[in-house]
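Below, each structure is written out as structure tokens.
Consider the two complexes below, in which subunit A is the common component and subunit B and subunit C are the respective partners.
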Partner chain A sequence: MAAPLPDDLRLYVRLAGARIREQMNYRLSFAVHTVIDAFLIVSDLAPVYLLSRYFGALEGWTFAELALLYGMVGLSWGLVETTLRGFQKFGPFLVDGELDRVLLRPRGVLLQMATAQIEARKVGRILQAGLVLGIAFVFLDLGPASVAWVALGVAGGILFFAGILLLGAASQFWTMGQTAELQNMLTYGGSAALLYPVSIYSTWFRRVLTYGIPLAFVNYFPALAALGRTAEAGWPPWIPALSPFACGAVLALGMLAFRRGLRRYESTGS
Partner chain B sequence: MRAYLHFARCSFQRRAAYRLANWTGIAVNFFFFLIHAQVLVAFFGTRTLAAGWRPEDAVLYFAGSEALLMVLAGFPDWENNVGARIRSGQVASDLARPVDLFYRDLAERFGNAFYYLLARTTVLYAGALALYGIAPPLRPELLLLPLSLVLAIAVSGAIWYIAFSVSFWTENATGPVSAVIWVHTVLGGVVVPLDFYPDALRWVCDALPFRAALYTPVALLTGKLSGSALAFGLAHQAVWLALLVAGARVIEARGLRRLVVHGG
Partner chain C sequence: MIEVVALRKDYRIAVHHRGFWGALRNLVETRYNVVRAVDGISFTIEPGEFVGFVGPNGAGKSTTIKILTGVLEPTDGSVTVNGLVPRRDRIEHTRDIGVVFGQRTQLWWDLPVTESYDLLRHIYSVPEAEYRAQRERLCELLEVGPLLDTPVRKLSLGQRMRCELAAALLHAPTMLFLDEPTIGLDVVAKETVRTFLAAENRERGTTVLLATHDLSDVERLCPRMILIDRGALVYDGPLEAIRRRFGAERELRVDFEGAAPAELPDSVEEQERGPERLVLRFRPGEISSAKLIAWLSDRQTIADLEIHEPPIERIVAEIYRRGLPPPE
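Right after this comes the complex of A and B.
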């Protein structure tokens, strides 16, 4: 499990391409799913809109600014959910002994699991989150520097969510699939938490989201920088720049835990 | 009837076998409780009353909704449902039994619900209220809660049964089922209590069945339903249950007529 080599990357593209072509076989079903998925995510933003509409701004954050937060987390989580879904559905691989077959092949486990399940229809979600992000940019009249901050946050989010998926998958080596739901807490739950600025949460919860599980680095800090509000929120100006490091640490931890788990793996022996 | 009770008991036992899974589930529900409650309280800001709700009511509502989410099957059972049975061909042996497909499914939902009521709701609700130091809102209306819960469990069971019945016609029901999930999340009051919706959307929610599966029992538990609103809520649940059961029966009868089981 070395760092992905260019050769591995080529293989990833080929395997992913095969998965996507496989799903394209059912053209109508694919089109319907993509459209449904793109619309469905509206329901993530609908509560934000309805609450903003009833109460007005949330601690100084307007709906357009909340939409920026949503676009960032929606884009990074959407990209990870589409491309690394194999780790989200890892339980059955362990419990049914599928993993044996993966281990027999002369390729890295991470690479094979990453391509085990790719849901092309989730592309609809990615496009939709990107669209919301674009509209928020126009509404908030953000310049190129702000766009760079948002891109940094999205990149951090990708590292973060990939790390959480790996940690969640790794934990199942010890619990035989019973902790599958734990990663949902930090992926779906984490995205739900990040629909709003981290500053609205109570002190202990905010501390957990900043120093414990660095969710705040996925969209809150980069968004503060993009909106030019880092100082106003009481943070030093270099905090948003830490985003890739804080999130990268989660991914490193995830890879370490997965490798540990793999070492203690004993087949179910079917 | 004995056969159905047996299915309910088996379903209960299947859930009870995975203790650790229940605890991780509690952690997930609790995380969502913390988010939903804190967000709504933050929106209150300095207000002490909005739409007749106090900030404490927001905490109570989401303590109830997350504690009851699994009881009321806010999400469908992806592994064990009529769609999966059709795809695997298991439906053939189901049909050979003198047990009705729909009622057997419903019996299993009640078995699950009973398990979650004992193992999840109690822990979550007590934990959430203890964290915020809020006393449970004991009022005479709570005597109607069991009735509302039974209606809600049946309504949600019927909704998911109908959604998965799409598999009678197309092999994969994932798309339509996830559409129902999201509609239910928004119109059922999972993320925002319906009291904060604009009037037009409120009417839509009152007309459609989704609030019967979650909002009505949770708002009743929170003490936000009384008098005519409570009477409407319960009547809405009963009427929609009748309609959904009838609908499920019709769909099932039609589906079975065109069902072809492959393989041997």
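Right after this comes the complex of A and C.
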């Protein structure tokens, strides 16, 4: 679990490529899923648009600003879901005993796991999120400093979601694949909750999102900074800068948990 | 050198609560049942040996191999392979071993075999020139060449096993661990695999540990046999010694092109009789199979025949009943 070396990176690309070529054997399913995914953006954003349109801005957030929030989460989650999908599908992987094969090879477990289930069609999600983000930039007329804040938020989001995926994967070691539900709830539920600024939620939920699972650091705080509204929202100016640390802590926790889980791995029959 | 000292492995099987909330509960409180799969086994294997690792189903063969290959941590006892502790030194250890699990594939299911090989070359960081030479050699010996462009999922079991063996040796390991590689193979495929393994061991000095419950694998390939049962070591030595003591009995099944002979040589025991069929038990020490067959064909034309070894389960039962042979 050392820092990825260039050689590891090259192997990652190769293994991911192999996995994608494998999927190309099932072209029809690939095409169908890509089309379905393309509609998700509509189903995600339509309620946000309707809400902001008919009920006025949400707590002072315009639709363009909400789209910025969406784009940030969408981009980091999309990147993580595409590149580290193996961890999301870890339960079945474990139950099938495929981890044995990974352990038999002289390479890092995380590296091999990450590529085990890569799905090329998820790239569409990344492109959509990027598009939404780009449009939000134009409408909000953001300067370079703001863009940097957004980039920081997206980077934090990548660490955060990677950490959540690892935590979920690690829990499978204790429950032998039975907590896949829990993991989906956290990731999909998390990214859904983040469609809206956390300030709209009730106090206790907002606290959970800020101090518990630090989802607020993924998009809310960096977006506040990008829009120059940190003080207006009642937060000290350094709060958004904590984003990479809060999110990094989640990743560290995930790696720790995964390592502990791996140590108690018992393999499966024959 | 492989050194196994007082190896023990307990599996803890979690008693699960069911359903989604049950799964959450499992995270908090877990109860376990313990299964002792390996119970105090010790042995040493020198470089270049070809050892048969034999035992009935559930004896603990796969578990031991998983510990030796670094997949599982022992519960107790110690395992070192060339001075390395397999699980602790996993990366260094796996660079130098080849592993084949009969029931599981190493290859990429939906890709042509050749792509799997290329990926393995990168996983093991084998230099290009060495890789080419090794691959060409293996493809020829295992007759894999014509299969290279076939997706793995379209291979027959025998074809796949040949491809798996080549895959496991592409990085030229000095040790080979095989878990029931001949299971389910037809006679021809079995023979190709056995001939290949014998040659690898003889010509390249590759150490081989072959887990099997088929004694004919051992007879053909292994000067030494380690026999385990219910997690414990029962016998470690040449198969011949065991044979001479109990396993000598063979079973002969003959189909005749007419009525089966009525009388039999004295030392032969009749198991089953049909109008044109006999199933006999005999000891090669008392009458050789050649003699017995000649005796029968003098009396009636033989249409077909098979000779069977006693299954490993019967030998184990015999050892329990009558004790081990004295050491040579």
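Throughout what follows, the second predicted complex is superposed on the first by the 255 of 270 C-alpha atoms of A that agree within 3 Å, B and C clash if a C-alpha of one lies under 4 Å from a C-alpha of the other, contacts with A are read in each partner's own complex, and residues count from 1 in each chain.
In the analysis below, contacts are C-beta pairs under 8 Å (C-beta built on N, C-alpha and C of every residue); 3 or more make two chains touch, one makes a residue touch a chain.
Source: prediction; values computed, not measured.
Annotation: superposed three-chain arrangement on subunit A; subunit B versus subunit C shows a clash.
Contacts of A:241 after superposition: neither subunit B nor subunit C is touched.
Of the two partner chains, subunit B is the only one that A:43 touches; subunit C does not reach it. Of the two partner chains placed by superposition, only subunit C is touched by A:15; subunit B is not. When both complexes are overlaid on chain A, the residue A:175 reaches subunit B and subunit C alike.
In the superposition on chain A, contact of A:266 is made with subunit C only, not with subunit B.
In the superposed model, A:148 lies in contact with neither subunit B nor subunit C.
In the overlay built on the shared chain, the residue A:105 is in contact with subunit C alone; subunit B does not reach it. By the document's definition of touching, of the two partners only subunit B reaches A:201; subunit C does not. Residue overlap on subunit A between the subunit B contacts of one complex and the subunit C contacts of the other covers 175, 178-179, 181-182. Partner subunit C is touched in their complex by these residues of subunit A: 7, 10-11, 14-15, 18, 21-23, 25, 97, 100-101, 103-107, 171, 174-176, 178-179, 181-182, 263, 265-267, 270. Residue ranges of subunit A in contact with subunit B, taken from their complex: 29, 32-33, 36-37, 40, 43, 46-47, 50-51, 53-55, 58-59, 121, 175, 178-182, 184-185, 189, 192-193, 195-196, 200-202, 205. In the complex of the two chains, the subunit B residues touching subunit A come out as 18, 20-21, 24-25, 27-28, 31-32, 34-35, 38-40, 42-45, 47, 50-51, 170, 172, 174-176, 178-179, 182-183, 185-186, 191-192, 196-198, 201.
If you check the complex, the residues on subunit C that touch subunit A are 11-12, 14, 16, 20, 22-24, 26-27, 30, 62, 66, 69-73, 90-92, 94-95, 99, 101, 103-104, 106, 108-111, 115, 119, 122-125, 151.
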